[in-house]
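Same chain, two partners: chain A is paired with chain B first, then with chain C.
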Partner chain A sequence: MPNIVACFKWVIDEAYIRKGPSGTLDFSAVDYKISDYDRNAIEEAARLKGFHGGSVTVLTAGAPAASKGVKDALSRGADQAFFAGDPTFNQLESSQTAAILGEIIRSRIPYDLIICGEGSSDQYAQQVGPRLAENLGIPCISYVQKLTIGADGRIIAERRVEDGVEVVEAPLPVVVTVLPEINTPRIPGVKDTLMASKKPVVTIKKEELPPVGAARLQTLGMTATRMERNCEKFAAMPEGIARFVEALQKRGVIN
Partner chain B sequence: MDFKLTEEQELIRKNMREFADKYVEPIAVEIDENSRHPAEVFKKLAEGDWMGIPIPTEYGGAGSDYLTHILAIEELSRSCASTGFTVSIHVGIACMLVLLNGTEEQKQQYLLPMAKGEKLGAFVLTEPGAGTDVMAATTTAVLDGDAYILNGTKTFTSNGPTGDVYMVFAWTDKAAGRKGLSCFIIPRGTAGMSAGTHFKKMGLRSSQTSEMVFKDCRVPKANLLGKEGAGLVMAMAGFDHGRVGIAAQSIGIVQAALDESIRYSKERIQFGSPISKNQAISWMIADMATELSAARFLTYHAAWLKDQKQNFSKEAAMAKLYASEAAMRHTIKAVQIHGGYGYCKGAKVERLFRDAKITEIYEGTSEAQRMVISGNVLR
Partner chain C sequence: MPGVWIFAEKKDLAQELLTIGRELASPIGVKVTAIVPDQGDQGDIYIAGGADEVVLLSPLAEDMSLDAWLPVIAAEAKKADPDLILLAATARGKDFAARLAARLETGLCSNCIALHREENGTIVMERLAYGGAAVQQVTCPTRPVIATIPPRTFAPAPADHGRLGEIRKLPPPPPSPVRVIARKTKERSSQDITEAKAVICVGRGMEKQEDINIARQLADLVGGEVGCTRPISEELHWLPDDLCIGLSGVQVKPDLYIGLGVSGQIQHVTGIRGARVICAVNKDENAPIFQAADLGIVGDLYDVTPKLVEELQKATGR
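Let's look at the complex of A and B:
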C-alpha cells in the first residue's frame, strides 16, 4: 500500500487580480487558492488511495496564511498535512521550494509516490517537481495524463509529449508531475471541509529547516498584457465581402 | 468586534460558488424557462452535504452552523434564486421545525433523511383566505382515536409537487385562538393528502409551488409535531429561521445583478465610451454595492445571533425586509443599465428581476416584516 505525497502551492487566484488604468496590476482585493494543477495532483493521490489503499500526505511551503490552503487540501481526500509556514516563504523560488520540500519529505514523511502539478498557476516554471526528484535522488516523470500502479508495484504513466503519447514505467519511489487532463478535481462537500480541521497537521518552522540560501530570481515588475481589439463591420453583400477580403489582406491575415 | 469568517466558512463558501458555477449556472435559463425542478442538482447537493448544513451529524446533517448555511444559500442564489430558495425552505423551515420541536423518533424518521438530502421538506401553512392573516386558516385536524383527521385546502405550498415530508398546520381547537393551531408531519403518499398542479409563476419558476388538498387525511398521533396547540409559536420560530434564508437568497440576487451590471456597463459603448463612465450609471452601481453590503451585514448578523443562541426574530425580519427590497430596487436598476438587452430573455438580469419580486412577498410580506419590527421596537 503506497504512501503518497501530494505537493501544492497556495497561489493568488488570478480571477481577483484587477488591471489598473496604466496596465498596473492591483492585488489589493485578491483571494488565494490551491494552484490549479496541484488540485489535480491531490485528486490523483486520493484516487490512487481509493484503489490501492495506503496514505495521502499533502505538503506545502508558504506564508502562514497558507494554513487555509492546508485545510483546503485536507478536505480533498488527504489524511494528513505537513506545512512549512513562514512569512519569508511567501516568495520562494523553485530551487528553494524544492529544497524545503525535499528536506521535509526525506526527514519526516515515508514516501513511495510523490505527485506535483506540472506547473503552478502563478509562475508556471515547471521546476519544483524535477528539482524535488533530483533532491531526493529518484526518477521524475513529467507531463503525465494517466497514472496506474501495476500489480508488481511499478508505476505506469502516460506522458503527453509533443508528438503523441509516451508510456513509461518506473519502480517506486518516483516523482510524477501531472497535467489537468489526468482527472477532474472534486468540489469538497461541507463535511469534507469540516473534517479537514480535525486531521493532523505537522507545522514546521523555518528554524527547523536547513537554510535555503538567497533567492537568485528577482521580480522587477509586473504589468498586464495589452490586447488590441478592433471591430469593423462589413455588410453581407458582394461589395462588403470584397472590402472584408481587402481588410484581411491589409492586416496580413491572408495573402 | 470581528467581521471575519472562519477559514472553514470561507472554504465552504468558495466550494459552493464552484458548485453553482459548474452545475447550476449552466442550466439556470433552461429550468426557469421550463419551470423544471432540477432533481439532478439536488442529488449532487445531497452528496456534498449541502441539504442540512446546520443540522447535527447524528440527524444526518453536516453539523455546522446557521451562518455557514446562509453563505451557501447566498452563493447558490447568485446562480439560481429558485434552487437557493428550495434549499432554504427545506433546511431553514422544514428541517429546523423538526430539529427544534421533534421527538427523538420523529428526528430519526423524518429529519435524518431530510438533512441527508434524500427527502425534500415542505412547509404547509398558507391558505386561499389566510396569507399574512394566519388566524384566518380553516384547515382542521380532529382527533379520532389514535389519529387526527385533516380536512382543508392549502395554497402556495413551495415544494408542494416535489416534496417528501410536509409540515402541515391545522386547527385542533379553533376556539382556543392562538393556542389552537397544531403542526403535523405528513409523509408523501399519505392517503387523503394530494398536491395540486404546479402554479405558473412570474419568477422563481423552477421552484415548484402548488395547492395541497386534505380530504379526510388520517395522520397518526405520533406525527403531531410538538404539543397540541403549539403550532403558531412553532410556525413563527420557523419563519425567523426561514427569513434569514430569504435574506441570503436576496443578497445572492443583488450580487448577481451587481456582477452583471459591472460587466455590461464596462463593455457597452455609447457616445464613444463605456457607459460605466457615465455618472448616471456609475452611481446606480455605487448604490447597488452599498446596499448589498448593508443587506449582507444585516443578514450575517441575524444568522450570527442565531448561532450565539440569542433572540434574532427582529433581526431576521430586518434582514429579510431590507435585503428583499434591495433585491427589487437593484434588479430594476440592473435591467435599466442593460437597456433593451436587459428586457429580453437570455439576459440574466431579466430573470433576476422576475425572481426578486417574490422575496418581498413570501415568508412574510414586507408589510408583515414591518409589523414584526415595529412590534419589537414599540414594545
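Let's look at the complex of A and C:
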C-alpha cells in the first residue's frame, strides 16, 4: 500500500492583486489559496489512496500564515500534514523550496509516490517537482494527465507533450507533477473541515533543518503588466450593435 | 570555456533559439553550441543558422524519452562550463531544464520572454508571474545561467550557408528508469489559431457544446478561427486543448479577438495581449474582460451574437 506525499504551496490569489501607481503591484487586499494545480495534486493522492489504500501526507513550506493552508489541505482527504513554517520561508525560490521539501521527505516521511502540481499559481516556474526528484535521486514524470499504479508496484503515467501523449512507466518511488485535467478537486464540506482540525500536523522549525542556501535566481524587480485598454461599451440593442460593427470597420479589422 | 548553448528537441525551435543565442554570443565573441537530435540532416542547417558547433544526439530507442539524455548533457555541461544554456520551453524541455539546473546547482529562469546582457556582463531575464499580472526581472548569480524560452518568442535564425562550424555526434545514452510504453499522436485541430487573423473565443458563458456553432458562424463571417478558455477545453472537453488560449495554453495575436461569454481571468488575458483589437460580449458588466477590451457589448451572448452576425453580414455584404 503506497505512502503518498502531496506537496502544495499557499499562495496569493492573483485575482485580488491590484495595480498600484506607476506600475507597482498592490497586494493590500489579497486573499490566499492553495495553489490551483496543487489542489489537483492533493486530490490525485486521495483518489489513489481510495483505490490502493496506504496513506496521504500533505507537505508545505511557507510563512507561518500558511497554517491556514495546512488545514485546507487536510480537509481534502489527507491523513496528516508536515509543515515547515518560518517568516523567512515566505518568498522561497524554486531551488530553495525543493531543498526544504526534499530534506523533510528524506528524513521524516516514508514515501513511494510524491505528487506536485505542474507549477504554482504565483511564480509558475514549474521547477519544484523536477528539482525535488533530483534532490531525492529518483525519477520524475512531469505534466501528467492520467496516473495508475500497477499491481507490480510500477507507476503508469500519461504525460501531455506538444505532439500528443507519452505513456511512461517507472518503478516507485517517483515524483509526478500533475496537470489540472487529471481530476476535479473536491470542495471540502463542513464535516471535512471539522475532521481536518483533528488530523495530526507535524510542524518543523527552520532550526531543525539544514541551513537553506541562497536563492539560485534573484528577483530584481516585479512590475505590473500593462494590459488595460480603454473599453468603449455598447448597448445590446440594435443601435448599439450597429455602432459596434461601425467601430470594427473604422479600425480596419473587418472588410 | 565560455559560450552559449542552445538545446531543443525540434528543428524549428532550435532555429528560434539560435537567433537569441547568436545575439548574446556575438558581442562578446563566444561560441554558440547547438545540441539537437540527429534527424539525418547532418547538422549543417544549424551552422547556417548561427551555430559554431553542433552536437547531434543519436536517435533514441523507441522506449526512451528525452530525459535519458540528462546525465550525458549534465556531464558535458560540467566539462565545457558554458555561460548560458537556452532550452525550448516545451513540456519535455522544461522538465529537462529544471533537472539540469538541479544537477549543475544553478538557477533557471522558466518561460523567459526577454533577456539581455548588461554592460557588466550580467544576464537579465524577464518572465511573467501571478498569472501574467506581473513581469518579474531576474538574474542568476551562478554559472551556467539557464533559461527556457517559449516557442515563437524569437523569429527563426536566417540561414547563412557560407558559415563554418564543427559537427560531432553523441552516442545513445544508457536507458533511464522511465520507459515509454506508448505514444499517442494528437489529432491536430484543422485550424491553427496562433496564426489566425481573427479569433472568436468561447468562454464559460456558453451553456452547451452545440452552441459553439454560434461562435463558429461568427468566425466564418470574419474569416477567423474559434478558440476557447481553459474550462471549455479542460473541464468540459468541448474543444481540443490546442485551442485553449492563455498563459498555460496558446498565445494568440490576431487583428481581431472577440470573446463570447469570456470572464477575462488574468491567465486568459495574458494569452490575448498581442491582439490588435479586443472585443468582448458578456452579460456581467463588471467582468474583468471589459478592462482588457477595446470594444465591449454588455449583454447575453445568446441574444447579442445572432444580431451581431446579422449586422456584420449587412456591413460586409455577405
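Convention: the second predicted complex is superposed on the first by the 224 of 255 C-alpha atoms of A that agree within 3 Å, B and C clash if a C-alpha of one lies under 4 Å from a C-alpha of the other, contacts with A are read in each partner's own complex, and residues count from 1 in each chain.
Throughout what follows, contacts are C-beta pairs under 8 Å (C-beta built on N, C-alpha and C of every residue); 3 or more make two chains touch, one makes a residue touch a chain.
Quick caveat: nothing in here was measured; it's all calculated off a predicted structure.
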**Message:** Looking only at contacts as defined up top, I'd like to know whether chain B or chain C touches more of chain A.
**Reply:** C
**Asked** Once the shared chain is lined up, is A:K71 touching chain B (first), chain C (second), both, or neither of them?
**Response** first
**Item:** Partner chain in contact with A:S94 - chain B first, chain C second, else both or neither
**Value:** second
**Request:** Please indicate which partner A:P130 is in contact with in the superposed arrangement: first for chain B, second for chain C, both, or neither.
**Result:** second
**Item:** Which superposed partner A:Y16 touches (first chain B, second chain C, both, neither)
**Value:** neither
**Request:** Mind working out whether A:G189 is in touch with chain B, chain C, both or neither, as first, second, both or neither?
**Result:** first
**Request:** Using the touch definition up top, name the residues of chain B that touch chain A in the complex.
**Result:** 7-8, 10-12, 14-15, 18-19, 22, 47-50, 53, 57, 62-64, 68, 72
**Complete:** The answer for chain A against chain C in the complex is residues 12, 14-15, 17, 25, 93-95, 98, 119, 121-127, 129-131, 133-135, 139-143, 156, 159-171, 174, 180-181, 184, 214-225, 227-236, 238, 240-242, 244-249, 251-255
**Message:** Under the stated contact criterion, what part of chain A meets chain B in this complex?
**Reply:** 31, 33, 67-68, 71-72, 75, 187-191, 193-194, 196-197
**Complete:** chain A partner, complex, touching residues on chain C are 65, 67, 90-92, 94-95, 98-99, 101-103, 105-111, 124, 128-142, 176-186, 198, 222, 230, 234-235, 241, 247-248, 255-256, 265-266, 269-270, 273, 276-280, 285, 290-300, 303-304, 307-308, 311-312, 314-316
